[in-house]
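Since the structure comes first, as structure tokens, the remarks are kept for the end.
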Amino acid sequence: MKSIKRILKELFKDPMGRIGLIGVVLIIMLSVLAPVISTHDITEMYTQDKLREPCGEYLFGTDNYGRDVFSRIIYGARVSLEVGIISVGIAAIFGLIFGVISGYFEGWVDNLIMRFMDILFAFPSILLALFIVSALGPSIANTMIAIGIVNTPVFTRTVRASVISVKSTEYITSARSIGLKPASIILKHIIPNILSPFTVQITLALSGAILTEASMSFLGLGIQPPDPSWGSMLNESRKYMEIAPWLAVFPAVFIICTILSFNILGDSLRDVLDPKLKL
Amino acid sequence: MENILEVKNLGIDLVTRDSIRRLIDDVSFEVGRKQSYGIVGESGCGKSITAMSIMQLLSYPLKTGKGEIFFDSDAGKVDLLSMKKEIRKIRGKEISMIFQEPMTALDPIFTIEDQIIETLEFHTNLNKKDMRELALEMLNKVGIPRAEQLLGEYPHQLSGGMLQRIMIAIALICRPKLLIADEPTTALDVTIQAQILDLMNELKESFDTSIIMITHDLGVIAETCEKVAVFYAGQIVEETDVVRMFHGAAHPYTSGLLRAVTSLGDKSKSLYTIPGMVPVGGYIPKGCRFEDRCDRAKKICKNNPPELLEIEEGHKCRCWLYNESGDEK
Amino acid sequence: MKTKKTLSLVSCLLVIVMVLAACGNNQEKPSDEQPEQSSETPSGDQADAPAQVLKYGVDAEPVGLDPHTVSSSSSIRIFRQIYNSLIDVDKDMNFVPSLAESWEQPDNLTYIFKLKEGVKFHNGREMTAEDVKYSFERVLNPETAAIGKSYYDSIDTIDVLDEYTVKFTLKEPFAPFMTNLTSLYGAIVPKEVVEKSGNLMQTACGTGPFMLKEWIPDNKVILVKNPDYFVKGEPKLDAVEYYIMVDESARVAALRTGNVDIIKLPASSIPLIEGNADINILEYQSNDYSYVGFNLDLDKYKDVRVRQAISLAINRQEIIDLVYEGNAKVTGFVPEAMGRWSIDYKNEELYQQNIEKAKQLMAEAGYADGFETTIAVGLLDDINATGEILQKQLEQIGIKATIQNLESGQYVDAWKNRNLEMMVGRNGAGTDPDRAVAFFFSSAGSANVWGYSNPEVDELCNQGKVIVDETERETIYKEAQKLIVNDVPNLFIASPMEYYFTRTNVEGFSPTTFDAENFRNVVIK
Amino acid sequence: MWSYIIKRLLGLIPVLIGISLCIFLVLQLIPGDVISGLLGIEENPELRAQLEKKFGLDQPLYKQYWDWISKAVRGNFGRSFRTDNEIFPEIIARFKITAQLTVMAAVISCLIGIPLGILSAIKRNTWVDGIVRIIALLGVSVPNFASATLLVLFLSLVLNYYPPVGYVGFFNNASVNMKIMILPAIILGTSMSGSVMRMTRSSVLEVLRQDFIKTVRAKGASEKIVIFKHALKNGLIPIITLIGMQIGSLLGGAVVAEQIFSIPGLGLMTLTAINQRDYPVVQGCVLFIAFVYVLVNLIVDILYTYVDPRISYK
């Protein structure tokens, strides 16, 4: 594996990678610096300025309660990122563990894990999420947990699949034949070789998570107001799309940009990480 | 032209986003009709990509930077490098290729039959039945038992030796003028190696094709070739006929190689190895590329690259030792 | 070997197909009716515009059609077209004939109803006094688990005097009795149908202007004209078709394009439709009101001064402007719509925003610098919105509230079990003050979940039940209102207007508080 | 192969039991119950007791579960607490609708995703590739409900069009049915196509890097052959897997589209049931969805043996 520095350097060489990297960094900064950047209190209702178009005072206009959309968007970055990253983190970690275990050892362990995953998997993701949330009660934390759990089986499967395919290659068999310990085989040989599907999965899941959260708030169980998540803002704006399009446009744009940059980053990251692409 | 193939100062580049690196530097050689021409050298010396370039099989990030490759096709003399789509008419029909790894060289999800016939589909308009006939005949020629049932099987069901025979069958089924064999035996175990080489020799006779045999194994050269080029760090350092190479090798590197092999035989001497390493891609010494490993290096070798000169009839060598112009310096 | 695989694959697909096929036939009923309906479905039916069919885009599907056991508005909306009660109430809250053409009340315990003659159930049989008896016996029978049982518990006996005369005898005087008879919880249903299908959830057979033709879950409910409806010349429509369209924007779009003729929307949607020449906006004053409940087990809310302080701190008009686009009335728990029963809340002292006084009260109560609390919201948009605004308004007197947005189930739970601090909600005041007052605020009232108890109020409620004289009742309930408003067991906020958006070619529709969806005189021009 | 299928179907049983148990318990965990939902503000102890008796909620849990599961295995999912409607036939009716929607969506996503994926794989690292990838990502990154709302809005405001209200079965009136289904199918399809495209791209690239592609080229194959005959067919497995997953998840996951376009599908049914705490309906739906889902997976796995002879279930 290469040092982070090296990876970043190579990422920066690739124009796509550069875009993605910059995008992601920007969004992260946005969420970190939210208090500094935001121009208004996100819950303050300027009742005389309901549904104002974007203007000097309200960069992105105001919503139906007269709250400043810009500031809410900025804070929304926080919420959405948190949800995205943490929930995917949960899913990825469990997915990796379960996937590698069941992929490498197969047999009954494999069976057990995969059956369990099937159970999780068989619930339609959005319904499962709704379920978990309605059991735990809607809140940011629970939303993350829900989305995390929902995504775990997907990761487990992808990892398992690629582990199996890697395992069948000569060099693993040889690595085994020379009596390397499973642990080291997994770490040294298998993990690096499943990284590319894994990263793809992560980037997909990241966008997926942000979207799931959005859909959940559409179905009334996502992040709850007054916490501004882009998803819930977009959802609340549906009603006003024609008379106050900016309410929908800005959250949508931000969601899209975020997901775009994460995906682009992921793609070029894969190109960098994937040894097969080198000569 | 009496040569089937003429490679003229071929250059191959490694093109990355921000740099172009020349891996193969003006390589020239000719392959005569029915001749089998050996290219020998350590791994990484660029012999394989040279072979690839002949059929324009180089893929990103490799590309041919300069030079011509003339081939005496049915359509007369053509420059393979300047060809566009037409090259496909040549590939597999007039020139074909065998690869190092029979295990991965065949598409895992098609039956042997499909993959043999495919070539015919591209270049002939026989009907399925005749194709099958031909395929069977080919399989028998390459000495495969139970060919009938084997046709229906998939690569993963067969052994490396088998697969390599099949590769040969595929390669020769259109009776090409030139067969490029890229380390055809490296992946196989010794007994099989011998069989494969014999097979190639006899097929060469019966199909009267020329062969370019690429290998790092002098043994293979000895077995099969008439003429040999020794590659070192992307250059030909010596070119001559087999006999002379084994008994009058001129270039220090060549003789180094030979000693390494011959010393294998008797246990008295410890295994000879050429000191030092092949210059890894990228760093190219200013002078002779072998200089830093060479036990007979002179100071001139350090900074002045030697030319590939004909030191005697049909014997080229790239070394200051045989270049009187070098002596006074 | 490929063929073998094909086989296995096909067989797997077969499994599914067979499952479907196998179960398909249990399913025939709806599907074989579909051809007719597809002819009805308004695919390109702008052509035959004057077809007297009213297409109504509704937000939720009915949850069963049994008028005695279902309380969901999505069901009532439909079975109110199918069933009748003995009497109705007009917009001035006077009782008017429905199935009963006249009635007399010899004494406080006896009510005698003369039924209209020749009223037919949808199955063609004439409705008689026996059916009235049966219907109320069904309601009173615990097995039925009828929602309205408590409405009629005061009934002692029901006697059929003759085919068209029925007599109710009460255990004790019960003033709301007449009003409760106007409720569809006392709808008259035919015995044989109930007994045939066990209940009236999936089938419907009443005396109303429309008959159930078909109900395809989550899709549509189709009612057709009842040709021998007992009011001659009504209904004018041939059919009312309810299309379940959960999504609001979908309903709006469908109305715009004329795929549906009528939808019901909250005030906040008016801007979307305003200025559209093809669409009328019809409004009426609902008798719902939004409120904030306090958990009176908690010390901070036990103290009436805190509750009064909060009442003084909030700005009801601002809430109305933000949540209902200004289309609501500042109200108490007996909204204006209930006419003479209602007192004028606007001028109540506690309704005048007065931060100073509020702060002072808080201080007296020992919460000079406020406290932290939570506001539970859920179910409806206007509830959530109200919560968010309250949160802001309460900051003025140092109350730091966090919003707890509850999923529907949790919401109901929280409401029932009083495991919350503040809760925003919405109540329907009903048609009788007994409901509006006693049901919600007498110590025994089953909707009094707040732990509120005021002996005086209880006393007044008891009187209100038994005293039949209307004017006396009026004073009693007005007194009760005063008391309760000053105790602030709940914070009463706004009574919204309700809106129907209709295509302009829909005529003869005029919703009122107590008869919101009367389609009997609607015609499509 | 057959023994494999049998084994899988048997393996289904524990999964389904597991699911049924999970769902049953989760439902107990979820706050609020069907009765509060039914009675709302009218609730009083007497009524509650009545209904609990009526629904058998007064029974101990294990008994409730047993009563339900023992009927369920015989395909009798009981009646809805709320509407008293028979559940199983209803589920089937809904499933037909959702299945149609799902298949349409999947087809659309393939029609868009696979060609684009291949295109950008061939044109790897060129501007074409870049554009295609960004388009695909746009598809992935717009929430369904947003694009759907936008579509509805656009159609109704600009073209003054809205699909016919009231779902009609395909076999009753195909044209109307199509008019109703096509919009949600497009919405779902396009949003799926993004990931299909990405998967196609990466797996085709994966294959193009392998040795045998050289062999094929050396035989004189045209790029068309190389890509479509060899690269695509070899790269098919992950694509099939993905599509299989998506179809599976759409069975209940099309909720959003179903809600916006008022399609009376399985997802909507389940969602309503969850919100209303209509236990038997939720249980029935989830169990059924799970069953079909696993079946879909089985089919996918069998498809593998088609595209890749190396995979065989002996």
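The first chain written gets the first letter, and so on, giving A, B, C and D; residue counts start at 1 in each chain.
Here is the rule we go by: a contact is a pair of C-beta atoms (placed from the backbone, for glycine too) under 8 Å apart; a residue touches a chain by one contact, two chains touch by 3 or more.
Because the structure is a prediction, the values reported are computed rather than measured.
Which chain pair has the highest count of C-beta pairs that touch?
C-D
Return the chain label for which the distance between chain Cα mean and whole-protein Cα mean is smallest.
D
What's the chain with its C-alpha centre farthest out from chain B?
Following the centroid criterion, the farthest chain would be C.
Just curious, how far off is chain B from chain A if you go by their C-alpha centres, in Å?
Spacing between the chain centres: roughly 49 Å.
Roughly how many whole angstrom separate the Cα centroids of chain A and chain C?
It comes to 43 Å between the two C-alpha centres.
What whole-number Å value describes the gap between the mean CA coordinates of chain B and chain D?
The computed centroid separation for chain B versus chain D comes out at 54 Å.
Measure off the straight-line distance from the CA centroid of chain B to the CA centroid of chain C, and report it in whole Å.
From the centre of chain B to the centre of chain C is 88 Å.
Do you know which chain A residues sit against two or more other chains?
In chain A, the residues touching two or more other chains are 134, 137, 238, 241-242.
On chain C, where are the residues touching two or more other chains?
Only 249, 407, 409-410 qualify.
Can you check the complex and tell me which residues of chain A touch chain D?
It comes out as residues 16, 111, 115-116, 118-119, 121-127, 130-131, 134-135, 137, 154, 157, 161, 196-197, 200, 204, 207, 211, 214-215, 218-219, 231, 234-235, 238, 241-242, 248, 252, 255-256, 258-260, 263-264, 267, 270, 276-277.
Taking the touch rule as given, give the residues of chain D at its contact with chain A in the complex, in rising order.
The contact residues of chain D facing chain A are 11, 14-15, 18-19, 22, 26, 29-31, 130, 133-134, 137-138, 140-146, 149-150, 153, 157, 195, 198, 202, 206, 209, 238, 241, 245, 248-253, 255-256, 259, 267, 270-271, 274, 286, 289-290, 293-294, 297.
In the complex formed with chain C, which residues of chain A make contact?
Contact set of chain A toward chain C: 43-45, 47, 50, 64-66, 133-134, 137-138, 220-221, 224-226, 238-239, 241-243.
Which residues, counting only chain D, touch chain C once they are in their complex?
Where chain D meets chain C, its residues are 1-2, 5, 30-33, 36-44, 46-47, 50-51, 54, 75, 82-86, 88-90, 92-96, 149, 152-153, 155-157, 160-169, 172-173, 175-176, 179, 259-262, 264, 268-269, 272, 275-277, 292, 295, 298-299, 302-303, 305-306.
Which part of chain C faces chain A closely enough to touch in the complex?
248-249, 268-269, 271-272, 318, 321-322, 384-385, 388-389, 391-392, 403, 405-407, 409-410
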